[in-house]
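Each of the two complexes below includes chain A, the first together with chain B, the second together with chain C.
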Partner chain A sequence: MSLASGPGRARTDTAHLPDDLRLYIDKHVMYIQSLDRRKDELEYWLTEHLRLSGLYWGLTALHLLGQPDALPRDEIIDFVISCMHDNGGFGAAPGHDAHMLYTVSGVQILAMLDAFEDFEQRVQDGKRKIGHFISNFQNRDTGTFAGDEWGETDTRFLYGALNALSLLGMLHLVDVTKAVEHVDSCANFDGGYGTGPGAESHAGQIFTCVGALTIAGRLDLVDRDKLGAWLSERQLPNGGLNGRPEKLEDVCYSWWVVSSLAMIGRLHWIDKEKLATFILRCQDPELGGIADRPGDMVDVFHTVFGIAGLSLIGYPGLQEVDPVYCMPKSITQRILAG
Partner chain B sequence: MASHGVPRVSASEAPTEKSRQQELRKIEQYKELVNLVNTKAAEQQYTTEVLALTSTLLKTNPEYYTIWNYRRRILQYQFNQYVKDRALGDENHQDGQANVGSDLITTDLRFIIPLLIEYPKCYWIWNHRLWLLQQSSTISGDSVSLQLWQEELGLVGKMLRRDSRNFLGWNYRRHVVAQLEFLGQPEKESESMTETEFAYTTRMIKVNLSNFSAWHNRSKLIPKLLNERSADESARRKVLDAEFKQIQRALYTDPYDQSLWFYYQFLMSTISPSAKRSSLILLEITNYDRLNFYERELDNLRDMLDGAEDCKWIYQALLQYTSIYLELDAGNKTITTSEMRAWLEELRKLDPLRKSRWDDMEQRLNL
Partner chain C sequence: MGVYSDDPLWADVEPLPQDDGGPNPLAAIAYTDEYSEAMSYLRAVMASNDMSERVLSLTEDIISMNPAHYTVWLYRARVLLTLKKDLKEEIAWLNPTALNYQKNYQIWHHRQTIIDALDSPEGEAEFIAQMFERDAKNYHVWSYRQWLVKRFDIDDESELKAIDELLRADVRNNSAWNHRWFVVFGRHEGDSLDETVLERELKYAQAAIYLAPQNQSPWNYVRGLLRKYNKPLSTIKPFATEFASLDHPDDVHSSHALDVLADIYEGEGTKADAAKALDLLAQKYDPIRANYWTYRKFLLGFPPEPDHPIFHHHNY
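And then the complex of A and B:
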């Protein structure tokens, strides 16, 4: 079971988009289902190093579209387990090395399928192994997390660790206070956060830092008005959002920016209708999927973040998304209530 | 999987049978190479031949992180062999061998450059480069290592000339600088590069005022620079005034560029009563000083409106800093509520996207 990318191909360009834009739910479901059948495209093979995250993106999109069973549950669980290493980490696909990013995707998929018990039955001590794989990457002096044994550190990995450990109920394995101190040391004068101390504010990293602080219950450290102002300035006249000042808009920031605004209670500081129009214009109306910008190649990454962005701003017909986890709210609520 | 800026293919360009066959052949070739490399990895083969195979594969797919890991294992093995040989060998042998380890590193550093240029946003390539350089002290000794790190500064400069906003490039630059400062320390009393890095941001800004990455780095360097200069209050004051003058000139050139306004926000934040000590420019600032600053800046902002009445950033700044100014001096009557209301109305007109933010501002400021 594998959900690779593989570009979508449309017969129309944006000039022919209908005036009454809408979300092509059925097309998107079909697009995501088709991703595992694109083995005659080189792109499918070139993106194997993202497979497990691709599966998480596709599955999340399907849940938000109200079609959680559109992919076969058993095959997904088989695939997830086939990516797991003895040390408790997951690679992107069988034979790929274990890494924090794919371990988090693995945990999120199991959570979404309500499959922790199935997993535990098939992999003895599986959850504990995952917990230890993740917690071993924390530097106990600085609070940071590495992504793998090679030691790259980034606030993305810190967020991923807190995300997965909280879903597993194992946050006690790490020093959350130290992790929070590290995030705080990444704060900039503009209210934003970067990949590490000293790094420029970037909407993707802001999502990870604000997400981590939310999980740790330390949103009090965020200057909400200042950060909210910076984030709201990401919206451009065409309704789309960019990730840093003076950069181009891109659908994935419909997630990173908007989820951050939601977490700090400033979601109303952007124009939701214009954003919805922008995201809808990025759809492939023929074969489904969403692209970074109108008229571009679609992929599952932009598809999920476009749909999740639409869910956050209350677009009708979608399941509510949790801005911290990028998973259906009904699922995170159930798990975290534990 | 996450394609950016690639135009969608329309039906008229749908693949022909011939191009479909070509695609299938490419897939076969790619899969064969992947299988071959993975077989070698499973057999724990760490030879130069396999290293070359990973080069071919990584050139086709630099995002294949597992192959970068394997490449490092191969190099690690070869480094270890070299270190062992060196320990066993005699003096002459050592001289001959001295280059082997260094060669491995420099060859690999060279191998990466075209990849970096083609895929400047691929994390794994930058990571591999850092790893190689980190190995260089052990393998080649400190002086060679120092030289390699110095060359990196040139490389990252080139990368940032190609894309002056590449945040992976800027991160890498900060890392290289920190390493150079660390490695240089034993020889000289102070090997700080804060001054030269500060000058670098000045050059980058001169090329393109809109380079927020450079402005950002500047905001991080200034407090450090002043501490390292052991600057007294009047020297600090001079620096702050020069920065204000510079950004003022830039804002007159292009008042619609938000990069400039964010740097302006940084300067203003350093004189705010709630500024963090670590980011201060002036260390001793009285309320009286603050009021003077705010008055001067609010006057400047009002002047800026002349000819740029449609620039929302000016109204935003006027409202933001007036509210702090009034908090500092509650009895002040130089700015009236009706003036602030007029600015807010302009803001609403010019920037309807953020309408609710202006509503919140109205409430917060009691307008």
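And then the complex of A and C:
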């Protein structure tokens, strides 16, 4: 899965939008399928350190677009397994160090492909190994999680750990209460959350903190009105959302902000129609793909978060997305019920 | 032939090509030659756990082509610490790299590892100032700065001075406001509250609001201060009224002031005035969040119209 940007570019003719502004579903499916045919480009290889997450982004987008089989299942499973280390962690690509973020992507891909059994058949004791890799990164005194052996902690890693472990049915391997206490200590005076205690509120980190609290069943700790006010303040007059005050809008915040609002039951505090119009303006109508803002190069990261954002606000023709996991709701429901 | 295969320094190393784990894998090989060759030597030295001097130039080469490759940075740090290299030289090399790749996360993690090992923050404040000249809201740099303040117990005074300079350049810099809170309160969590600090901070934030009334950061800061000290929001009623008044609904200079006034009126029990302020926000001064303001009005006891979108959360 290529994370290289382009080749397409989002439309720039924003002054006079056609009445039938729509989501180019077929084009986006073709775009994602085409990404893997770009191996003759250097940028494809320069983004190798993100590859497994890229695959997760592309696959999620395809599922939400209603084309879950548009990428070859067996090849994806082969690739995921080739990224796995003996210690149970996954690197972004073969030969890259194991890291929490790619381990989570690996688990999410296997979950989406309903492939835990295939995985277990090919990697003996595989799920248990992953569970231990993840749980070993928790600091049992503070509840935080590191992303790798170097020990830097970040609420992203904590969320990733709870996300993957809940999908694996292995939350009991970690101290969820301590993790919750840590997230709570990251709440800022403005109602938001950052990477750690005292770090600036950032919509992406708010998603991870609210997501972690949702998985832990502790949303009661969130001041929903205060956080919702801060999140809804992210919408700019052009309909797009930014991630922090006084920053530019970006399609990826259509996911981080809106999913957080959905989790705290405040989704209607943004203007959905204006947001949909903004996201749709960021499409490349010819070659598919979505960019961060109109006129910029498209890429798979903004493509999935644009589509997931549209799904959250109920745009017609898309599968429903789970705001906690950024995966199809039908899949998370099946897994979490089992 | 390549840069490394022709170099006698690397003659003993057998490069390891990429193995993607299948005959026709999803992510097969087609690197450009230069990058591909350097990577195959990296795989080889990592496989043999080579910690020699030449690995430093190899990792430098790969980083210059692809600074986001996290594995390369981790390996480089390991080699530097193993060989007990002069870490000041490493920082000198790192500076231009960080300035060139503003969005890179690995560089800051690497820097933290090196500065921690050096056990001195000397020169760091100056370098951070250079980074902020390019982007004063860079999240990685601010996180690093917080780490630095905690790790070396840097005094409040020099931090507050640096923050003040940044806010003079851009009073809307939310990162600087956050850092101010961190320095004044966050790092002293548990200390008793000093009233003179409240006065000083209130005055500071209010001066900033005079400069730019429609700036949410200092308004959030003021609200945070009053909450921290358990003071009622009405403490700033005369101040807020300077920017918004129900008597002059066409002459509002700050939606945030109107928002504060709505809360103050609610606290005072004059709900009709609170509702007027919220209506002004919903209809005129912040219509994109009309549903939020309607919700606030609903909390006061004013039911929205039955066909209001507040009742249709899930409809597009």
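One rule holds for everything that comes next: the second predicted complex is superposed on the first by the 320 of 338 C-alpha atoms of A that agree within 3 Å, B and C clash if a C-alpha of one lies under 4 Å from a C-alpha of the other, contacts with A are read in each partner's own complex, and residues count from 1 in each chain.
The working rule: contacts are C-beta pairs under 8 Å (C-beta built on N, C-alpha and C of every residue); 3 or more make two chains touch, one makes a residue touch a chain.
The structure presented is a predicted model; accordingly, all values stated were derived computationally and were not measured.
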TODO: Could you tell me whether chain B and chain C fit or clash when both sit on chain A in the superposition?
DONE: clash
Open item on the list: Output check: A:Tyr315 vs chain B and chain C. Expected answer is one of first, second, both, neither. What do you get?
Closed with: second
TODO: Examine A:Pro94 and indicate which partner it touches, taking first as chain B and second as chain C; both and neither are also allowed.
DONE: second
Open item on the list: With both complexes superposed on chain A, which partner does A:Asp284 reach: first (chain B), second (chain C), both or neither?
Closed with: first
TODO: Return first, second, both or neither, reflecting whether A:Asp299 touches chain B, chain C, both chains, or no partner chain.
DONE: first
Open item on the list: Taking the superposition on A as described, I'd like to know which of chain B and chain C A:Asp250 touches: first, second, both or neither.
Closed with: first
TODO: Applying the touch criterion given at the start, work out whether A:Pro72 contacts chain B, chain C, both or neither, answering first, second, both or neither.
DONE: second
Open item on the list: Under the stated touch criterion, which partner chain does A:Ser82 make contact with: chain B (first), chain C (second), both, or neither?
Closed with: second
Open item on the list: Is A:Asp190 touching anything from chain B or chain C once the two structures are fitted on A? First, second, both or neither.
Closed with: both
Open item on the list: Applying the document's definition of touch, where does A:Glu233 land relative to chain B and chain C: first, second, both, or neither?
Closed with: both
Task: Common interface positions of chain A, toward chain B and toward chain C - done: 39-40, 42, 45-50, 91-92, 95-97, 99, 148, 150, 152, 188-190, 194-196, 198-202, 228-230, 232-233, 235, 237, 244-247, 266, 268-271, 274
Open item on the list: Going by the contact rule set out above, which residues of chain A touch chain B in the complex?
Closed with: 4-5, 7-13, 39-42, 45-50, 53-54, 91-92, 95-97, 99, 148, 150, 152, 188-190, 194-196, 198-202, 228-230, 232-233, 235, 237, 244-247, 250, 252, 266, 268-271, 274, 284, 291-293, 295-302
Task: Residue ranges of chain C touching chain A (in the complex, touch as defined) - done: 18-22, 24-32, 35-36, 43, 46, 65-66, 68-71, 74, 77, 109, 112-113, 137, 139, 142-143, 146, 172-175, 178-179, 181-182, 185-187, 215-217, 220-221, 223-224, 227-228, 288-292, 295, 299, 309-310, 312-316
Task: Complex contacts: residues of chain A adjacent to chain C - done: 1, 36, 39-40, 42, 44-51, 55, 71-72, 75-76, 78-79, 81-82, 91-97, 99, 148, 150, 152, 188-190, 194-202, 225, 228-230, 232-233, 235, 237, 244-247, 265-274, 276, 313-316
Task: Residues of chain B touching chain A in the complex - done: 1-11, 14, 20, 23-24, 26-27, 30-31, 34, 38, 60-61, 63-66, 69, 72, 123, 127, 131, 165, 167, 170-171, 174, 210, 212-213, 216-217, 219-220, 257-259, 262, 265-266, 269, 279, 352-357, 360
